[in-house]
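Sending over a structure as structure tokens; questions will come in a sec.
First chain written, first letter: the chains are A, B, C and D, and each begins at residue 1.
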Amino acid sequence: MGQYTASELWSITAMQSFAGFSLFSVLLLMALGLAIIFGQMGVVNLAHGEFMALGAYTVYLCSQLAHNYAPALIPVYFLFAIVAAFLASAIAGLFVEWSLIRFLYKRPLDTLLATWGLSLIMQQLFRTIFGAREVTPTLPDWLMGSFKPSESIDIPINGVFVMALTLALTGGVWLFMYRSRLGLRMRATVQNRNMSGAVGINTRWVDRLTFALGCGIAGVAGAAFTTIGSTGPDSGSRYIVDTFLVVVFGGTASLLGTIASAFGIAQAQSIFEFFLEGTMGKVAVLMTIVVILMIRPKGLFANKVRS
Amino acid sequence: MKTLFDRVFGGKHGLTSLAVLALILLAILPLSLDIFRLNLVGKYLTYAFVGVGLVLLWGKAGVLSLGQGVFFGLGGYCMAMFLKLEASDPISTKIQSTPGIPDFMDWNQLKALPAFWEPFHSFPFASAAVLVVPALLAFVIGLAMFKRRVGGVYFAVITQAVALIVSLAIDGNQGYTGGRNGITDLRTLLGHDIRSQQAQYVLYFTTCVLLIGVILLLQWMLSGKMGKILLAMRDREDRVRFSGYDVSAYKVFIFSLAAALSGIGGALFVLQVGFISPSLVGIVPSIEMVIFTAVGGKLSLYGAVYGALLVNTGKSLFSENFPQLWLFMMGGLFIAVVVLFPNGVAGIWQNLTDKTSRWFAARRKAPATAPAVEVNVPVSLETETSKTP
Amino acid sequence: MTTSQQKMFAPLHTLRRAIPGLMLATSLSLQAADYPTASVNTTGLSITETTVTVGQLHSATGTMAISETGSIQAEQLAIDQINAMGGVLGRQIKVIPEDGASDWPTFAEKAKKLLVNDKVATVFGCWTSASRKAVLPVFEKENGLLYYPTFYEGLEQSKNVIYTGQEATQQILAGLDWIAKEKSAKTFYLIGSDYIWPRTSAKIARKHIENKLGGKVVGEEFYALGHTQFGSLINKIKLKKPDVIYAIIVGGSNVSFYKQLKAAGITGENTTLITISVTEDEALGIGGENLVGFYSAMKYFQSLDNANNLAFVKAFKAKYGEKSVIGDVTQAGYLGPWLWKAAVEKAGSFDVDKVTAASPGLELTTAPEGYVKLHPNHHLWSKLRIGQWKTDGQVKVLYESALIEPDPFPKGYQ
Amino acid sequence: MSSKKEFILYIEDLTVSFDGFKAVDGLNLYVEKDELRVIIGPNGAGKTTVLDLICGKTQPTSGSVLFKDKELIGLSEHEIVREGVGRKFQTPSIYENLTVYENLEVSYPSGRGVLGCLAFKRSPEVVARIREVAKEIYLDHLLDAEGAILSHGQKQWLEIGMLLMQEPQLIMLDEPVAGMSPAEREQTAALLNRISKGRAIIIIEHDMEFVSRIAHRVTVLHLGKILAEGSMEQVQHNPKVIEVYLGH
């Protein structure tokens, strides 16, 4: 790269590492909810992507509302929309747990198939309600555009926003899981369901709330993605494989594993994509993950436990 | 010890199932359907090859793969490569800048046939590749995964990722694979037009005969020691290991066998439909094939055939009449089968016949001799996985 | 919508043709009797004294439904208008819609159903290259007729297909000439989705840039359909600093691409970007604010200011709602039924061979895009226009070429 | 101590740790041919882990297990079985969906490879061997019963029978009489005494009365280490053992 000046190379490196971090937060955001549902509860939720799409559609609805009824709110509606997205997805999750998942806790492979069916139904619902076309909410101006620390560096503000949101959400999940009463109960239930029941934990409600929480986080992820991508009926299915790979690659045992794995995959992907061409960059990343998973099937951060 | 006859045909009961299937496939359908519908049935039957493979892998060995579409697709591609080369003779491709190579290569500025295409000029090679290429890939994946005891959900997720990788890789190498459009416009097989009515009848019956042959072969295999080992493995994998069996070798074998069967299905698909594309390799077809199997009943070889026929006929009819409803139906079907009928059509049928035969038995015997003692023992094998917590 | 309204919005050519034909209604109602079924249908198509059945084959479900909805609507509108005017050879058009469900084998299956079982006189349908490639052998085998609306990669010419969209050279060359001249552009970065149309288009663009314009392609890459992360690509663009970004990104990826470009500070104000894959349909999803100042090269834009188009847009909105938008492919879809009607009437028969024989040389003066003429290679002579995007998701048309001859197998570009 | 006898199993310096916790710590254990060794010890002493280490279910952190002068560490479970080591689990581990006959047949040491399995035939030797073992384990009248309907004790016997089919030279049994009625215990003791001829047996057991009836030698494990070893008599009077058991 002889034809470039040192400062150009420096700017590109800076922006490229930002791209890596930005992808990291996207992956982490997607995986966080699943890490709870799959990692903690062992439920394989293939409709996870659709819960993200639900969150995104909620933002779209809020944007339409703000647009039509309260144009003055457009600069701030997005913050409320995120909360609404969380609630919409969490409530849907609560309902799905009650009507479907609870019958399948001991049959992970069957959950996988049933939730795939659920994802088809949700996709068709989105299509019926919102139409087949992709939609995009009107975003407040402060979210778009870039921030220029120097002449040749542009840092996308939506990227920064997604990163901040990821940080806050991860912190929140961590606090919840390791510092709150419900979190303690949740972990207790995961480790020993019978015992937890015996000491007076209502495991049924713990399951339900945990599932709803995971779905709600997916909704927030979906809301955040409206700033960088589009929302269509099948948006969710585009994310699902990546999401599962992040969680499986990290090892389902710990939140830290998920974070590390999202980081690793994001950096690998942004580097591969920079030096390789388009599709093959993605293939290279996926291949690397699968090969590593073949060598370390329980992921990077699996606990060594006594069998 | 059972006789060979018993083992292949599965006794009197098995013989009835065989006769019914043969009657439906070889007589009723060809006589009642026009060639267009029959050709569709032939296409659905190619999915049944994947289905019986999944019965073996998922139902019998307890390993769910979400990547069977990959093997179906690879078998299809091997066959399509042969057919494409036959269709790309220098005369019919004289309009190209490099005549004699497949059209999509020409569009992608390839000047010569890539080396890995060369052997596909040979029909025996291509036919062998239909079996060997999928089996080999399955062998490599299986060896890596099963040796490290990856199973269950992990295996499902990883095979799903493999499906994504393979379909992306085919997409991304358009000059060599035809990319997203796939390999299209296949016309002849060894000089015979595969699109003529006559050829379609021949292909339909070939598919039926091969499928029944595969089922009989698998019945023979499952009725012997292999069937017991597989059942034992599903029951208590550890115990099998401590009886001196290399469990992973068995899983690798079954996975490779299921892959080879899927490959046959793919090759027959290409012959009947006339093209192959990465859309048959990816995640969606792979998981749809799982649902055919689940609907038919994951423990029943015959069930897999009926499952493929039922779901696809439903899909065809529904999407012709109520396109919007189809996805709701399909989704609902997934959930219903999993939650309510874990053993699918075959399970429902089994319950029904068990009930009627018990009813007849009860009628024949004096009412006082309660048949309740042995209830469920013979069925327990079928209902074992259906116990809800 | 009442019949009289429909007549008002009917394309002018039929009206013009009808006026010399004395009394409109009577002359049309007489036509069916003038053409007894036995003489207009010698190949056993599904045609009665009063109706003619045609097929419509698009994806109503699945990933492609987003794009194909417009074509479905436009074809239906044209058929309604034709029916309101008395139909074709006095016969009302009856449509059998089939759903290809974004799945290529399904397309092949449904195509076969339409031709073999339903015996339709013609089919309007397909969108992606892959679906067309899947049905092509079926149409050739069963001797069907397909009107295909999408701009596409070329390299194809079938006696059973009429291509109402542009082939690649029609869409690419004039646009490149214009942008090179207008912006004194020398370096180009080509970005596309990973399948045959973007790849072939990029190939043609590259040859033209290198051989005719004396420019340089500084980057060329393709991303899987549905790809959503373009951070690394955008950084590469920033590093290479091309004069022009040439974008052929398709489907949902578009939205991510343009949003991320804007967020990275690449906007119409500081960068020249020209795309051949964004129509008003896509703009709706992307959001005009993310496209402002970028260029599209197409044969049709909704904002074209001519009488044909104004009538078309008005009729379309009356039928499908004020908010609906019309893109290039939608307009091309609208041409299909009209071209077929013209060909059938010229041939005086519904027989596919006679219709295709009558097709070359057909002219349509009433197309919303303006005058078009059907070339013997079954593609249309058409113009190329350059539009610059505005915040409302419509373009300002800046340039209009002369009529360009379709050339699906361009010498020197292969 | 009969040092003249030859040892079939040498375990030396065997250690395994789980996240820093040493479940087995520098264990040395030698078992003779024809010996019936019982391992006792309080819960968590590492008894089951020792068996897991020998049969390859768990990989040790360090140490060696020599069986017939062959190193077992690093071999996989089925390879160790093929060397002649059989293992019964604490909870009866049989194939509930197969009949007693099939349970035994599957354990017959031929046709273990995939191809051998496909070619496997139920030869007269196999049938004879199955009948012989079934008789040994008191199940010859239940050959056609499915495993699922056996009583707890019968399942235990069946699992022992499955080991016998493999004709191992070392049998390891984890609590073989747990959940058995007194009569069944009686029969099991007789069975164990019969089958210990010509092979070594290691048994983990809690029931001291039962241990004293069958054990040739007893090893007491505590916190992953050997606390005492010797005859039941010697061990019972060992003050360290008493302290551990009482203190527990």
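We adopt the following convention: contacts are C-beta pairs under 8 Å (C-beta built on N, C-alpha and C of every residue); 3 or more make two chains touch, one makes a residue touch a chain.
Quick caveat: nothing in here was measured; it's all calculated off a predicted structure.
Student: Touching both subunit B and subunit C: give me those chains, sorted by label.
Tutor: Under the touch definition, subunit B and subunit C have A as mutual neighbours.
Student: Farthest from subunit D by Cα centre, which chain is it? Let me know.
Tutor: C
Student: Starting from the mean Cα coordinates of subunit A and subunit C, work out the distance between those two points in Å.
Tutor: 37
Student: Distance between subunit A and subunit D based on Cα centroids, please, to the nearest Å.
Tutor: 49
Student: So the centre of each chain is just the mean of its C-alpha atoms; given that, what is the distance between subunit C and subunit D in Å?
Tutor: 76
Student: Averaged over CA atoms, how far is the centre of subunit A from the centre of subunit B? Could you give it in whole Å?
Tutor: About 34 Å, centre to centre.
Student: Among the residues of subunit B, which are close enough to touch at least two other chains?
Tutor: Subunit B, residues with two or more chain partners: 168, 171-172, 324, 327.
Student: Give the residues of subunit D that touch two or more other chains, as numbers and ranges in rising order.
Tutor: If we look for residues of subunit D contacting two or more partner chains, we find 57.
Student: Mark out which residues of subunit C touch at least two other chains, giving numbers and ranges.
Tutor: 60-61, 194, 222, 224
Student: Please name which positions on subunit A make contact with subunit C in the complex.
Tutor: 4, 8, 11-12, 15-16, 18-20, 22-23, 26, 124, 127, 131-136, 138, 144-146, 148, 152, 154, 156-159, 225, 227-230, 232, 234-235, 238, 269-270, 273-274, 277-279, 281-282
Student: Can you check the complex and tell me which residues of subunit A touch subunit B?
Tutor: 42, 44, 100, 103-110, 112-114, 116-121, 123-124, 127-128, 241, 244-245, 248, 278-280, 282-283, 286-287, 289-290, 293-295, 297-298
Student: Across the complex, what residues on subunit C touch subunit A?
Tutor: 60-63, 65-66, 69, 194, 221-224, 226-229, 231-236, 238-239, 252, 254-256, 259-260, 262-265, 281, 284-287, 289-290
Student: Which residues of subunit C touch subunit B once you look at their complex with the stated criterion?
Tutor: Per the touch definition, subunit C meets subunit B at residues 60-61, 98-99, 101, 103-106, 108-110, 112-113, 116-117, 129-130, 133-134, 136-138, 141, 153, 155, 194-196, 199-200, 203, 222, 224-225, 409, 414.
Student: Can you check the complex and tell me which residues of subunit B touch subunit C?
Tutor: 34-36, 39-40, 43, 95, 97, 103-104, 106-109, 168, 171-172, 174, 179-182, 184-187, 195, 273-275, 277, 279-280, 316, 319-320, 323-324, 326-327
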